[in-house]
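First chain A sits with chain B, and in the next complex the same chain sits with chain C.
On to the complex of A and B.
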């Protein structure tokens, strides 16, 4: 990636390092070291709470990768997370902090549920239409925040966040109201309010590879990651978005209006979250049924993925995979009798571990500069 | 202030820097620089922007680490790893860009960096005591956001004096001060030097100031020391020559040296633009602030192709609003702007730019450039759409074009892909200028284009503006610097309270009448 981190302060000693490969290798090593450290602390913690760390890590690994059908599951979780993160990245690049992905995702899923269960037509068409409408729904929902931002000056950080809670209520209303989306089948398995399941032909195809259900959603997400990276760095549109994000005045001067471009950016940002919701539902999330708790924090976690990737679309890919692994791995822990809360702690430690390397890098460069002065004098 | 210079030379050095070297990428910012600071002496560091003055000061203050070189304080070699190390040894720094928290009060800002429990009373008393002792009075309970630039600087100085430093480093302290405020600052410094035996390093690119306030001068160019002289033995032309590396002869250059108007007003080429229809026409422009105050009050103005129109005026009479209207950043309440006879909607994103009006703003950070983006991206900001095929950028062409401009405008830069923020101020300004001129505008608006720049850069920019006008561009030069306007403009108009209240051609230049106009008194004649 060729983005440049903002050097607000004067260049710090030792920033310029001749070779490019050595530092990259070094950073990989530091990442491994700090993740290893986090795992070590986690192991100690698990042992202290009276469990065997071998069992816990074994369960995590089984749940995320090794168990039958598990890596397919992990990829299925990673797909919407990555889509949400990409949406966040677009917003940040335009200087807009859309943190309402959880709600936009719900709106996208609701659009998918509507198309799938209420409209008639050929399955393939309904599927594609549902995905598209999901994107529009999520984007439109985020665009509400854009309208408030550019018409009335309401900060989008606040409006997008508050819209999440409204989205929960809207979905709750939809799935409990007969004439909207509620499942009217008297023989439905659970008494909880949900929508009817998507018909078989309005679901993303399932490909079986090595006993895993390979989710098509991850392919969509990966392709979009590539497209977003390309758009931001190699196109005029991305250039304009970045100018807007850094300096709205300069952008205005060169003909990039904040409200037009910003609204588009927020629409796309929310659209990707909406698509994430549609992909989740049509990919088999909560048994193809929409329910109020459908989003299960994927929106929030995707936000975290984008933050840790420092708004670099391609770096978001490994981050999303890591977080998805933790999530699916955690699902297996219950069987070992370990408290789920421990997993939350482990997850927290890993987030910290990912924040450590950039800090270490800075300190090391400074030390190195000091040392080189020492040798000379 | 120079009376101590005879004795000062004999005192032992309090700080001695030897062979200081610092490289940023491929740019050698400081190259084997020696500097000696003695107690009871103000040492001026003079040089162009990008000559390495600020870098040298940051090395002395422990803000950045040298690649090579040593610092000896009181005869002992020292090594700074962080700014606090320098502070502990009695070095106080006053930075070019203030590091104050606007939302906090004066005493809270002074307390920043303290450890342990804070005593509000003790710090307030300290602020007042320092204020009285050095003539730096400032209300300790005032919020910094409410203070003028001069008072803010006082707070900065009090911050550094709190640790009772013996060595005080000031990096371009007067660049944002009014002449009176500068005068006061030099009094404070002179006082401290006499009474407390401070050793002061004063970084500046203003010749007058260095000649007036210092005892000894070190001149830097391209990261090296080119000359060290006693102020008593120096004069402005020789210093300017040493700074730039050649005699400064151009009209544009004389403005910086501060010669008299008579010298500058050689007749100059007669403006060849008479009779041509104006390329830029502002008619009866009005603009109100949200509270109803009139910012532009029926301003009318014409610029013909090939002429430089200088808009003179005391700061705060609507110059910034005029420049922002021409940048499409403000929407007029009444009146209009026409380019080549076509009415251009004001305030519409990109409208002025696509009509061929290009603005070099007074504050390049506010609307002139994007420091986080690369030099190439900044150079091509307004013409990037020409560098794309169906929306996809042609990167090789962008790099090639950027290299061409870097070469053509003599921008010192490690490469086109370096973030603009890493360049020195003068080079950043060259990037802004290069972009403006390479855009082939019809109208070039330059608002304080040389503020904060050094002789060489001022000369260069003046030359470029002249060349642009000779090439048929209409140039509007908005400046509070009369010297600059007198040196460059074919026609001078005066802005006062949001309106043009009078003007004169170069041939009928009358300093007295200009002075009256600046003060708002319209003489016998009406507006231009």
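On to the complex of A and C.
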């Protein structure tokens, strides 16, 4: 063994203290610049429509946190967003871009509505069964895209997206058809196209704390965030997923089947979105009734949360809280006379701004790599 | 069953149906033409949806300011191009993921257009119908193809123009080359990402025009939900057509027909479940993609970013 010499340390250029700290400092600067730019553009937009950004910011803060009972509301909204984001993260880690969460969420909510209003049984069992079936429904819906991807090479980006539009119609069909999910109670709101409300004992328990109340959905979501982070980073299963996402050829060589592993990843990805839908419905979304507009963009926003968190499950937690705050804060904007869509603009700009720094970093790394190759030859 | 067939016969002999098929399909065709070029260069440009909406919005603003349809259409092009600039430079100058960029751009445009249109009081109108003599007298398809509002006719020269660009110019050859084998193209001196950016710009221009056409050539007013995911149908049309120009146009027409069929049913007094009908174009798209993707070969480097030195 002693004959084998340790390979010489590869020459590393510029390892002085400045060389180590300067890039980090630079990156921080670029991040601050991007986020500042996004906020600045938003502020300019508000002011050219004749409002002051200070009042908008104040209204957002009141609506999200400071107003009575508001942060409970924010936590309630954050729960499904976080779940959707976790699903997105699993997909992205496996190299699969599932962007159909809005549809998968609807499917999950529909399963929950079915279990809650059509089946009989003890409430707790129905609740858990509904959540589980919601997960299966969302996952199964995403798995359709996996089948198309791995059998016929249809990109999952397109198929999951198109499935969203179909899901809207399926839910619309379900809640307007008597024998599926429509509310048959003669005392229902007139001409309502909704399902019957979930019975009292099939609803998620509500936490009351410091004058705020929120369903336990957020606790489920936080626990799952921990589990997903652990699974992805600390288990063989997570390693396989990451290899598949990073380099399918290597994955193939070490025996990770793209089709099998990818289908599982997409199933889980959609399953979490489906669970988000079930949690929303049993947590009081649109008064415990399924309706065609039930998803209210939670699926899309959860997707943005995952992008903003750059596919790190634990970072998704604060990002989900941020987006949920913007959303609940928007409810208070009407009083200031500012169109609430400004929140969508802020969200879009923030995500776009955070795309820039990692891309800049990658380019710099490539340049440095190319330069160091040049030095050696 | 006899009823069913007579219903079908009724619908397929109704000139209104073909008229609306050309209108709905024409809108998709504008976007699909540009998307085809972008995909030939190797980008699945999902910000085409955002370009359409931006084009519709800026087109309305352009018309509102000048009361000229032509200026509105030009403003629509600018709107579509702006979205394409974001998409192209973030995904092919910087190296952000093209889907993430596209998706975010779509969200941003939706938010911006919603926010601004809530603050502005925009007025638009539909361009005048221009009946082309002789040609519009052909039974059934004549009025459909040649009895439309005049911006519709912009589509007709764009089809051969796109064909010429893609297959008869050096630029088109290079665009197709970077979509097939970016490494080899790079070695032979083509700036891969530049060609891809230009292809996306072309897509943005056409989608912007398409968006303005939707407002000024069809609906006559701006509505934030007017595009409503049909940019994605345009992408599906490219898949449907197996990345050929003829097939893509056929795809746009098929989706237009499906949409028109849905709209024609209630007008002619037939009742069918509204939701199932509304889902039909999407189901059709998925079915077609499932059945067709294999036989045709997609551009080999489709949706793969090119960074020199990385495969």
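A few remarks follow.
The working rule: the second predicted complex is superposed on the first by the 287 of 377 C-alpha atoms of A that agree within 3 Å, B and C clash if a C-alpha of one lies under 4 Å from a C-alpha of the other, contacts with A are read in each partner's own complex, and residues count from 1 in each chain.
Here is the rule we go by: a residue touches a chain if its C-beta (ideal position, glycine included) is under 8 Å from a C-beta of that chain, and two chains touch if they have at least 3 such contacts.
All values reported here derive from a predicted model rather than from experimental measurement.
In the superposed model, A:242 lies in contact with chain B only, and not with chain C.
Residue contacts after overlaying the shared chain place A:314 against neither chain B nor chain C.
In the superposition on chain A, A:157 makes contact with chain C only, not with chain B.
In the superposition on chain A, A:234 makes contact with chain B only, while chain C stays out of contact range. Of the two partner chains, neither chain B nor chain C is touched by A:27. In the superposition on chain A, contact is made by A:254 with chain B only, not with chain C. Where the contact sets of chain A with chain B and with chain C meet, they give residues 366, 369-370. Only residues 2, 4-8, 10-16, 234-237, 239-240, 242-243, 246-247, 249-258, 260, 366, 369-370, 372-374, 376-377 of chain A touch chain B when the two sit together in their complex. Across the complex, chain C is touched by residues 45, 49, 97, 99, 148, 151-155, 157-159, 161-166, 169-170, 172-173, 176, 300, 303-304, 307, 339, 341-349, 351-352, 355-356, 358-360, 362-363, 366, 369-370 of chain A. Only residues 23-25, 58, 63-70, 77, 79, 81, 327-329, 349-354, 359, 366-374, 377, 381-382, 384-385, 387-388, 391-393, 395, 417, 419, 421-422 of chain B touch chain A when the two sit together in their complex. By the touch criterion given at the top, residues 44, 46, 86, 90, 94-96, 99-101, 103-105, 107-112, 114-116, 118-119, 229, 232, 235-236, 239, 273-276, 278-279, 282-283, 285-286, 289-291, 293-294, 298, 303, 307-310 of chain C touch chain A in their complex.
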